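Note that subunit A is present in both complexes that follow, paired respectively with subunit B and with subunit C.
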Partner chain A sequence: MNKSAVAGVVAQGRRALHRRADPARIMEGRERRFAAALLAPAFLALMATTTFPLLFLIWTSFYRMNLSMPFMDGFAGLDNYRELLADPRFWQSLGVSLVYTASTVVLQVVIGLALAVLVHGMRRGQGLFRMVAILPVVLSPAVVGMVWRSFMLAPDFGVVDYLAVTAGLGSHNWLGDPTLALVSVIVIHTWQWTPFAFMVLLASLAALPDDIYEAARIDRASAWQSFRRITLPLLRPAIVMVIIMRTMVALTAFAAIFTVTGGGPGTATEILNLYAYRKSFTELSIGYGSALAVALLVFTLVVSGVLFALRRAK
Partner chain B sequence: MTAKRLRLGILIGVSGLFLLAWIFPILWSLLNAFKTEQDVLAYPPKLVFSPTLDAFRDVLFGATSILPNLASSFIISIGTTIVTMALAIPAAYALARLRIPGKRWAGFYVLATQMLPPVGIIIPYFLILRNIGWIDTYQGIILIYLSFSLPFAIWLLVSYFEDIPFEMEEAAFLDGASRLKTLRRIILPQVQGGVAVTVVFVFLNAWNEFLFAVVLSGNTVRPVTIAMFNFVSVEQTLWAKLAAVSALAMLPVIVLGVVAQKHIVKGLTVGAVKGGGRR
Partner chain C sequence: MSARGQVQLDGIVKKHGAFAALKGIDFEIKPGEFFALLGPSGSGKSTTLRILAGLDAPTSGRILVDGEDVTGADARERDVAMVFQSYALYPHMTVFENIAFPLEMAKRPKAEIGPAVREAAAKVKIEHLLDRKPGQLSGGQQQRCALARAIVRKARLFLLDEPLSNLDAKLRLETRVELKKLQRSLGVTAVYVTHDQEEAMTLADRMAVFMEGEIRQIGRPADVFAQPNSIEVAAFIGSPPMNLIPARYQDGSVLIGGRRLPTMLQTHGERDVVVGVRPSAVRFEADGIPATVEVVENLGDAAILDMSLAGTALRARYDRFPLPREGDAMGVTVRPEDIHLFDPVSRRRL
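Up next, the complex of A and B:
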């Protein structure tokens, strides 16, 4: 008898046992009540903290609501959305969000994957890399932003500026120049979160079967060939998952940009998230801020729809 | 042979460079916390200096002590962790182990709530909390932290509960144990590791949260991530003190990260590899 036949018989026996002895079948009603009791508190809390605010947000997005001028409040219909579509600052922040998200995610995955392959091939020192990689990931983005802004990128005494001067690139106003400021916040995000991609991909690499690589070696495949033909296809689910997770985080990034540039200079680093915050809590225009947040939600849904389609494809 | 040596050398050099790039900003800001204000501003940057604890003494016991803010951060993080786990463990167990109608729908709901942008939650929440007078209160901030910690905790725990063989539970039933007793005696000891991973993640996320805290904090509730802005102003930034505050804000999470390193890597991988393969 071959292996699969044995497995089949075993499974059959197990199913028979299941039918006879399954106590859950006898107590189905009790089980449902038990399940409801376990689920109810968590789902009530979830609804109260996510679903209800969402509905309330959509409702306020149809209102004229300004905390500094409460006497002007009233139903506004689609006014906020009409204003939004004609608002150049909205389109600009959407563009910054796109650039910020796309570039940070691509950089994280490319660098993280390259480094994971590199470290995976090491016989010694893997532990050191894992230990160091955990550090940026556990830090608060606000503190990370503060550290970079104060001690790395400050124009007079920052280390980055010193290195640039030493390398003959000259001193720059890293956070005062619109382009450099955007590059800076992208680098900071990439610095903090590439270790995440690195750790996940390294763990996925370690889980790949060795014998395929053995076979590739016997067939005299080059290192690049075995990376292209074996590693990449096998790692695809993990890579796509990392892309999805990192995109979701990049879209809601807030603290690091808030501490480093505050969205400035001007609106050069103002992602949509930050614009909605500034509108609502700095300019106190809650109604319009709500419409911006709804736009961000729609944008998030579209992006995640695309990403999940990417995951299902093949 | 020399070509191979050269390649190895380049690989070591490149990986060493990345190692340095990750560790340097953290080490550098820690170093600055032991400098005097003049030494922080020295140009070129000083690697060798005579260390002092002045900055730490000032931020801990000076006029603007951040001890209350550290306490605030701990109250928020521990409170969020306790409430989250109390709600998430039973729910994750039910979703993973019990046969209930609408289970797929419930799982999808948990996943979908994670996609809500935080700024979209804080706007209505601010209005609600303002009406009931809960701004600048611990209950207000812990409640809203559930919006991100709870879906994450449920989602992570479900994958651990699913790993336990059904046979163990059945054996307990056949011995006449009740559902609740089985959960306590058989299931929970099995998922201890998963619970530990989840606790670490929930604590870290609560400690590091910023957007909700910046809107809802005040004089009573003021976590250290918000309080560090006290040392930054347009006229004068107190650099060494800022470095000391940053160091104190980083210390608990770095300790947690190093101690729970294996758990964290495992948690990340469960999310990316396993959860990804299943749903």
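Up next, the complex of A and C:
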């Protein structure tokens, strides 16, 4: 052993000794253990209620599991997925999901932004608008669905039908006509959730500094120019966040459509989520229903991936 | 070029409810002049600038620019450029886009914008930063960017709202000099708001001293410094501020510490006055009025002596070395031409 090697070993030993005695390191270890202990209950509960069911769902999707024909049950491999790809009703429901999600999200953002800009410009009564806006959001979607179905959209005595007749458009079977039914569920979702976009965007608007708008006035930007060149780019993170959050919810919407149309008439308002539910719990074909749910999960992941990529871009 | 940018304010009043922020502001600025609005915070100088810019409307009064009444015109219609205290740069745009913004709003052709932006950036020496965003710039660079954005359009009025107050002391001094050169080379009318009397003194051709919503004095900085017209202006201008000592006036002299100091005011009679003496005008003579040194503030090349003279405080500038020590007794005197006399009741200059 030469001299420098000996010195190295000695230094190593010294370091080890030092490490053992280092109080900061001991504190750090204790703190980490304490944090883990605090986190554990919530973590386990979360695993039990979300991760486990999800894994179970994926597992089930590889099985033939039909409660009306239990004697046929067994491992099916990719059969459920093969069947799914050839199922026109799957593609139809995916299409409805897309239309429903795209239109509700666009409407929420556009209307929410317009309202936010309008209310932000008001000198008084902002508090009132904020309060009124929160009301639809706190209602249960199932209740919202029932209210719209019975009070608003019922033929002859619903408010919407009454207005349509008064406006000379005539009485319509709002939930019986396939196109009108889809429009109706889109309007209901937009009505309930636009306030969310409105509130988020209003808060973001309020956080923008006043002085840059004054600078824009000095620079002779018109109101429209300062909206397009300053407000919109600065609100972009908030807008993208609203789009992401609302897209996730719209893709997995259930209660409002279930209570208003139940997916009908026929399959006109049957979004993928609803189709998976019907397959699983009405037709009792749990294995195939699971495969549909997994397809929805994959679709949601892809969409959110794209949206997050867009958020990071630029 | 310098025929543009004449400004006239007539009886500008601004009220916020019952509170009058401006109580009737009148002044005129000549084309190409560097005009400072000087005053402590809350004195109405920034409000005046905002009204001149068209960001706020006056409660009453008229604003004329180049003879044209612009009182009711919005900032967009006034052809003014402004540098904000906070710089107010557009945070999502690069330096280039920030400077180009006023040109784009003026619908200038694309081919013209690039060279104009580079020229403005070169004038304030930030041409190497054009691709950065404001968040990536230091305070001084942001300030230059704001300046470039203001000069790029060649507006007829150049308004500056405490542009140097967010810079550190060294940078403030450097930028102050450059600002003056820039304004001279552009030949544009500049209105400059500041609470720092040194900035106003060094930069301005003329200045207006604001207090409590009124203009107390307008004039060339040297004149205001030499002949403050009231106790308030005298106390505000100069650093350290003027000593103000209550005294008795008697037949052309004032009585301080039992001694008679002759003044330039030669009237018979006797009355109470406030004597104003600049710290730099205090002279030291062995047979002067006896005073005691209480604190010595050494500035390096000089010192400020806080002295006690016949029961009143007196600050004096002292630039001979060695410096006196605390507790030393010294004789002080003032030349007649360095004595300012004010009426203690009306607070006006006598």
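What we mean here is this: the second predicted complex is superposed on the first by the 288 of 314 C-alpha atoms of A that agree within 3 Å, B and C clash if a C-alpha of one lies under 4 Å from a C-alpha of the other, contacts with A are read in each partner's own complex, and residues count from 1 in each chain.
The rule is short, and it goes like this: a residue touches a chain if its C-beta (ideal position, glycine included) is under 8 Å from a C-beta of that chain, and two chains touch if they have at least 3 such contacts.
The structure displayed is predicted, hence computed values, not measured ones.
Residue contacts after overlaying the shared chain place A:212 against subunit C, while subunit B stays out of touching range. By the document's definition of touching, of the two partners only subunit C reaches A:229; subunit B does not. In the superposed pair of complexes, A:51 makes contact with subunit B only, with no contact to subunit C. In the superposition on chain A, A:309 makes contact with neither subunit B nor subunit C.
In the overlay built on the shared chain, the residue A:86 is in contact with neither subunit B nor subunit C.
Of the two partner chains, subunit C is the only one touched by A:220; subunit B is not.
By the touch criterion defined above, A:167 lies against neither subunit B nor subunit C after alignment on the C-alpha atoms of chain A.
Looking at the shared chain after the overlay, A:286 reaches subunit B, while subunit C stays out of its contact range. Taking subunit B and subunit C in turn and counting the residues of subunit A each one touches, the greater count comes from B. Those residues of subunit A that touch subunit B in the shared complex are 21-24, 28, 30-32, 34-39, 41-43, 45-46, 48-54, 56-57, 60, 111, 115, 118-119, 121-122, 128-144, 146-148, 150-152, 156-157, 159, 162, 191, 195-196, 199-200, 203-204, 207, 237-238, 240-242, 245, 248, 251-252, 254-255, 258, 273, 276-277, 280-281, 286, 289-290, 293-294, 296-297, 300-301, 304, 311. Contact residues of subunit C toward subunit A in the complex are 53-55, 74-76, 80-82, 84, 86, 88-92, 101-102, 105-106, 149, 153. The touching residues of subunit B, when paired with subunit A in their complex, are 11, 14-15, 18-19, 21-26, 28-29, 32, 40-45, 87-88, 90-91, 93-95, 98-101, 106, 109-110, 113-128, 143-144, 146-147, 150-151, 154, 170, 173-174, 179-180, 204, 207-208, 210-211, 214-215, 225, 228, 232, 237, 239, 242-243, 246, 249-250, 253-254, 256-258, 261, 264-265, 268-269, 271-273, 275-277. In the complex of the two chains, the subunit A residues touching subunit C come out as 209, 211-212, 214-222, 225, 229-230, 233-234.
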